[in-house]
Amino acid sequence: MTLSTMDFYTQAILSLAALIGLTSFLMLGQGRLLRLIFIFALQGFLLTLTTALVAYSLDNPHLYISAALTLALKVIFIPWMLRKEVIKMNMHRDVQALTNKTAVMMGGASLMVFSYYVLHPIVHTTTTVMLNALAVSLSVVLLGMLLMIAHRQAVAHVVGFMSVENGLFFAAIVATNGMPMVVELGVAFDVLVAAVLFGIFFLHIRTSIDSLDVDLLNRLHEVDK
Amino acid sequence: MIIVLAYCAVLLSFASGLLALLMNQQSHLLAANQFIVDKYPNLAKPLQNLLHYSLDVHRFPVLLRQAVFILLGLSGVFAVLAGLSVLLTQAVILDQIPLGLPWLPWHVRFDALSGFFFLMIGIAVSAVSLYGPSYVNAYDERHHPFAVLGLFTGLFVAGMLLVLLANDAFMFMIAWELMSVASYFLVAFQHENPANRRAAFLYLLMAEVGALAIILAFGVLASFADGFTFDALRNAPLSNLWASIAFGLALLGFGMKVGIFPVHVWLPEAHPVAPSHISALMSGVMLKVALYGLIRFCFDLLGNVQWQWGVVLVVLGTISALGGILYAMMQSNLKRLLAYSSVENVGIMIMTLGLAMIFLDSGFPQLAALGFLAALFHAFNHALFKNLLFLGAGILHHQTHELNIDHMGGLIKKMPHTSLLFLVGCMSISSLPLFNGFVSEWLAFQTALQADVLDNGILRSLIPVAAAALALTAALGAACFVKVYGMIFLGQSRSHHSEKAHEVGDKTMLAGPILLAVLCFLIGVFPGAIINLIDSVSLQLIGQTMPNDSTLGWLWLAPVSAQQASYSPPLVLVGVLVAGGATFWYLRRNPETKTMRRSATWDCGFGGINARMQYNCSAFTMPFRRIFANVWLIDERIDKTMKGAMQQDVAAVSHHLQIEDHTWGRLYQPIERGVNNLARLIGRIQTGNIRTYLGYSFVTLLLMLWVIS
Amino acid sequence: MNWLIAALQTALFVLLAPLLAGWLKCCKCALQNRKAPSVLQPYRDLLKLTRKNPVVAEQASWVFTRTPYIVFSMTVLAASVVPLIAVDLPTSASADVIVMVGFFAFARFFLALAGLDIGTAFGGMGSSREMTISSLAEPAMLMAVFTLAMAESTTNLSVAISHVLNDGLLLRPSFLFALYALILVAVAETGRIPVDNPTTHLELTMIHEAMILEYSGRHLALIEWASQIKLMLYGTLIVNIFLPWGIAENFTSSALLYGLLIIVAKLAALAIVLALSETLLAKMRLFRVQEYLSFAYLLGLLGLLSHIILEASR
Amino acid sequence: MIAAYFILLIPLFGIVFFAFLGHSENTGRFNVWLNVASFIATLWLAINVLNGGTLLSEDKAFLIDPFNVYLIVLTAFVGMTTSVFSAPYMAHEKELGKLNDARLKLYYSMFQGFMLAMYLVLTTNNIGVMWVAMEGATLATVLLVSLYRTPESIEAAWKYFILCGVGIAQALFGTILLYYAAVQIGDGGDNALLWSVLFDHADKLNPEILELAFVFLLMGYGTKIGLVPLHNWLPDAHSEGPTPMSAILSGLLLNDALYAVVRNKMLVDGATHSQIAGYLMMGFGLLSFLVAVFFLHRQKDIKRLFSYSSIEHMGLMTFAFGIGGANATFAALLHMTVHSLTKSAIFVTVGHAAQVAGTQSMEGIRGLIKTQPKIGWGLLIGTVAIAGFPPFGVFTSEFLVLLATMHSYPWLTPLLLLGIGIAFAGLFRHIQAMVFGEKPEGQLPVKANLFPVMVHLALVLWLGLAIPGFLAHWFSQATLLISGSAPL
């Protein structure tokens, strides 16, 4: 099946998937926190677009609610909160150089391939769009985790965490046309609470170690020093 | 009916434990009493008086202690009755108790083998409960609460009895562990002392490892059978390999409790630190319960014993016997010494059991029955005399506040009764004729001497060598107990404490040891009674009894045939009495020379013999230390403090001697180090850095995805 | 009847024992160019001692004063199970050879306790050494005895000896080893040179004597007598097990008389051999005794193995 | 079914009530009463199930079957006893100046929040809601971990939050995949996430997708179970939070996470007809078990010690569920019960012990039996129970697991035994030193309510000696449901 034989909807979804994957890559390689947050907001926006598109094409009203929630939370509230935090901590000028940027990027690329490899067994039972959507969302999840591993800033961890959620949402929406409403609402609620909690934690961590570098949170360990 | 007796024994020991818990509840009891009096004012006056009397502040603890021990003693009596009646009737009683797993109630089986061990435990427990009340009086209630002691003693005894009743693997393990855990608390009873805590830990650890091995052994059987009942396990169709694996596991598990070398190390640590009457039970009967387990597992559950197992047992038994007595010899702590001597005696039992296996597999069931008899008889005897000796050690500790043999001496005059009882114990354990220890050892020798009938040349030469080692063990045992008795009771007092010691005030404390001592002697002279009982055990288990074709019956002991060997303790006793009496009468017939003149001990003319000139423990055993030097890790130093201008005059000399067990350095410390090192290595995975942790999740996820696809 | 003869034989055993000691001393003196006391001197010594008032150390307890009786009666009992002039004794059945070893152990146990009872260094030294040597000698002895017991498949001495008689003259290699082992053990157990020197009173070398240093009067007499019986008993064991010919197999008076003559002759000859060896050999250091005894053990083991491998292999 | 709504409404009311009413001296007591009420409601539910069998609510939102009914009762029970313990404990912490009224308000409110989440996880029939509730449990407790606001507690809470958050996100992915598989067979819409529906059609689901889904679900919920190497948050969170929370985390949260895994495993097994899910669980379980026992040896903090012990036991249960036969499943169900009872009892005594000594460091805790015998004995007996000595119930389940392993995978048994032995040594080498010996200077008893401990241990003892008929029936039913065959 070639691209030209697909309908517009499929083409759009695939493009959006590619874009979302791209944003994940961009985040992974990003050293500046403010830019990272911006890209994250962009990813959230792409997700909103996707949701809206699916809602439109399937004429499924409750997905509009979902899109609205995503817009509010992922594009506006969380980036705003993070940005405020970064500016308050005066970190927006810092450039956090990744210790081994090339390796991380190469790793990210191989993760993408790996995602396809993992999903290969189900290729015969599914359509291309589903497969691609799942693969992209899996790689977004994995890239999000890689982002958390590679970055030392707590803010980056939150971004990574939320980007993992984005990946999940993408899968939920594209592959399954949205979860049941009660679940959607629950997940959204959880994300909201999580976001609030992150805010509280930034405060605590700052008062505790006077920094947001998670590498400094290392009192509890089992290693003989 | 008989099973009711057995249940009574178990329940009474539980009850004694629970009763002990009332020790701290005096105020509640008083309140309850008040309540009863108020509620039923017309209650019988005598009952009211009784309640009032017994709840008196000062009287209550004493009465309660006595009541607890009376219950325990009753449990012992019931155990004896149950054991005797099942042995005499030869019945096999099956029952079920609605406890345990939903599809597996506790199965109970009471047969001759259990009955015999019931008898053993019953006697020991009765003796201990006669002895107990005055012994525990010495404990300060605030530091060593009786509630704890009494509770766990009751549970301990109940556990032992339940092990004997168990007829499924699950109940067996529960009872087994109940026994272990309860005795752990007893070992840890005087926990102020760090050494005691260490001993308790070691004990529990080894008990746990042993129990796991036993579970695994049952597991091997169970995986071939359907279900965990012994009936099912008995019918498990095992290949020889799996049977041998099960045997090896059972040997490890039960061997840890029995105290086979080299897994004996907990024994000399744990036995000395428990209160003496508990040590008596642990050494005297708990080890026997483990022996029961081994017998039950090998002869009953596995069924087809193989002679190779017998060889393993013979070798291990011989090593334990020799090692045990050699280590015992070097100890100066009385209870430690007794504990090591338990290792020795257990070694003898195991060895004889091994002989029984060899004969059984080689097609000589009658000889197997003989070996079996020797093993069980020795177990019985050991229960008696080791109990006696531990109780004696308790009395000594009670009176002198010492357990170090080197700090005693000359007690024979101060404690005449105790010394006599202890002497009986020492003679029995040294296997001197006329006492019970000798009979079982004689039977063991007789078994070993039948090796001639075997076809296998290696076995035929191995067994006599083991027998000779047994002879060496016996001789060393005698030397060891000469040392014990001589250092404790004879000579001059070696310390202040022993100088001030006096006989126990409360004679009931001697009642327990007297019971045991009388039994030691009676069984030594009339072994036939017990042998007949054991015969019914071997009839059930091996299907053969010992032939007793001698003409005079109970007077003679002829294990194989009268032509081959015989022993008649009653006649020997008569002979001794005649010979001794005649000389005694003859030499003292003249009233003029009958009197003895007392004079000062010959001091070579230097004057002033004092207690420090006597031989002490380490001096007594010095020749052995030189001869068997490699058996121990000996650290012997003589430090001299010099004085004078040129530092040439000796101001003081001190002798320092430490004897250590080889097994520690060779076996246990490497394991401990290994675990600690491994733990340190594994500890490194928890770095404290959250990114590392995320990395773990990430890698795990990738790995799993890779695995799945 | 049998019991009577057994009792008589035991009495004979007990009574003859001092004579053997006297004879041994005679032989030794003759070999060493000394003037010997009368052969009956041990009897005189014993009689004299029994008439004396014993002196007992103040420290001594009942263990000390009762031990001589125990030692003596145990030794007599041991003597009663060994066929001296006749086999088929009922007493042999009441206690076999292992029990006999047990009797000795019993006696030794009390003797060692008595040594410790007074609380002197000598007593302790003696007890310690005695127990050391005996605990090494006992397995060696049992090894030798086991060879016999397995070869004749009995531990009953009477039965064993009659089996040997019935077998006729068989050259058993196992018996040679066992004999040698038994001789070595006998020397050690009876406290003869080269293991111990019964005539010494030099503290550092004493073993047996150190234990009984405090004894006097009738107590000493009993202990001395007991050790003489023990000597004779080992001698009898050696000659009667390995050279049983001449021993009475039935209870006719002629056979018994013949048996008596033969055993006296055999023991006298054995005493000469012993005296010779005592003259020729020097006493060993205490800590070489274990080598001596382990040699005896090894011989016993070889005897047993040669029985199993050479004589009874199937 | 009304009972189920009550069970959910009572804690919901509790959250609101505590959050808005503020803290007073009676809050602790009121918390107890709320939990008692929940417990009574669960008993009511249990009786309904006992009489009527499996209950499915009209809208199919709630499902109560033998597998979860006993967990619901257990959850309510442990919650109740822990609240009994927590009232004087938290009051004492306040006296010590570690906490203020505002934090106590948060504490009680979140306590109820956590209970709500737990009940929801157990009662819901919708695996999506199950996920939401599980995440909710994390969110409710994360602030409790950092309740003391010490640098360590904040660090622990952050790790807990991030690691569990990331973990649980993976579970969501797994859930989505499940949903995807359900949608594929044309069963879309709201019903497609209902467990009962999925279970009925399990064999039609696409096995490849389900395998994949299970990997994510296991990773996700496994993080919450504390499976090595995803366990790193667990000891930190347990040791730094207030002790009552450690008790309910260990006693309830871990169980419920495992419950979630097993529920999902049942679906996967139905679809794949292979042992793949079982093998994964066995591998994880065994690894966790073996690694945790070594950690026990190196601990200095008493609560960390027991949290590693929790990992060990969760590993064992996971392993047992992984084996999957009737005996192993029965054993695992029983182990869930006895472990949570015992472990929460231990945490209660641990909390008091730490208050007696004034420190959580084991070097500072000495001579408990001399200072306060009840606490000392409670801790000692609890440890004896958790170490798997009979006649306590932990032994029963471990015994069955061992035999089941012996039956199916004999070569794994030595590993298990080794682990049990090393675990025992690791626990006792620390415990003995704490309970025995002379008491340190100036150590004084504290006000403690050890009623929960006694009740828990008595129950564990009872379960070890005999399993009551109705419980055995539930276990057997659940075993039948999970493994497809009833125990012998």
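Details
Note that the chains take the letters A, B, C and D in the order they are written out, and that residue 1 is the start of every chain.
As a working rule, a contact is a pair of C-beta atoms (placed from the backbone, for glycine too) under 8 Å apart; a residue touches a chain by one contact, two chains touch by 3 or more.
Note that this is a predicted model, so its numbers are computed, not measured.
Path length between subunit B and subunit C in the touching-chain graph (shortest route): 1.
Of all chains displayed, B has the C-alpha centre closest to the centre of the whole protein C-alpha set.
Using the average of C-alpha coordinates as each chain's centre, C ends up farthest from subunit D. Remark: among chain pairs A-B and A-D, A-D carries the greater number of C-beta contacts. For this pair, subunit C with subunit D, the centres built from the Cα atoms lie 78 Å apart.
Subunit B has its Cα centroid 69 Å from the Cα centroid of subunit A.
With centres set at the average Cα position, the gap from subunit A to subunit C is 100 Å. The distance from the centre of subunit A to the centre of subunit D, with each centre set as the mean of the Cα atoms, comes to 31 Å. Counting partner chains per residue, subunit D has residues 158-159, 162, 166, 170, 212, 235, 295, 298 touching two or more of them. Shown for subunit A are the residues in touch with two or more other chains, namely 118, 121, 145, 148, 157, 214, 217-220, 222. Multi-chain contact residues, meaning those touching two or more other chains, occur in subunit B at positions 680, 683, 685-686, 690, 694, 697, 701, 705, 708-709. Applying the touch definition to all chain combinations yields A-B, A-D, B-C, B-D. If you check the complex, the residues on subunit A that touch subunit D are 118-119, 121-122, 125-126, 130, 134, 137-138, 141, 145, 148, 154, 157, 161, 164-165, 167-168, 171-172, 175-177, 179-183, 186-187, 189-190, 193-194, 197-198, 200-201, 204-205, 208-209, 214, 217-220, 222. If you check the complex, the residues on subunit C that touch subunit B are 50-59, 61-63, 65, 69-70, 72-74, 76-77, 80, 91, 93-96, 98-99, 102-103, 105-106, 108-109, 112-113, 115-121, 123-125, 127-129, 131-132, 134-139, 141-143, 146, 149-150, 153-156, 159, 213-214, 217-218, 221-222, 286-287, 290, 297, 300-301, 304-305, 308-309, 312-314. If you check the complex, the residues on subunit B that touch subunit D are 98-104, 145, 170, 173-174, 177-178, 180-181, 188, 191-192, 194, 197, 200-201, 204-205, 208-209, 212-213, 215-216, 218-220, 222-223, 226-228, 675-676, 678-680, 682-683, 685-686, 690, 693-694, 696-697, 700-701, 704-705, 707-709. Contact residues on subunit D toward subunit A in their complex (touch as defined above): 126, 128-129, 131-133, 135-136, 139, 142-143, 146, 149, 151-152, 154-159, 161-162, 165-166, 169-170, 172-173, 176-177, 179-180, 183-184, 188-190, 192-193, 206, 208-209, 212, 235-236, 239-240, 295, 298. On the subunit B side of its complex with subunit A, the touching residues are 680, 683-691, 694-695, 697-698, 701-702, 705-706, 708-709.
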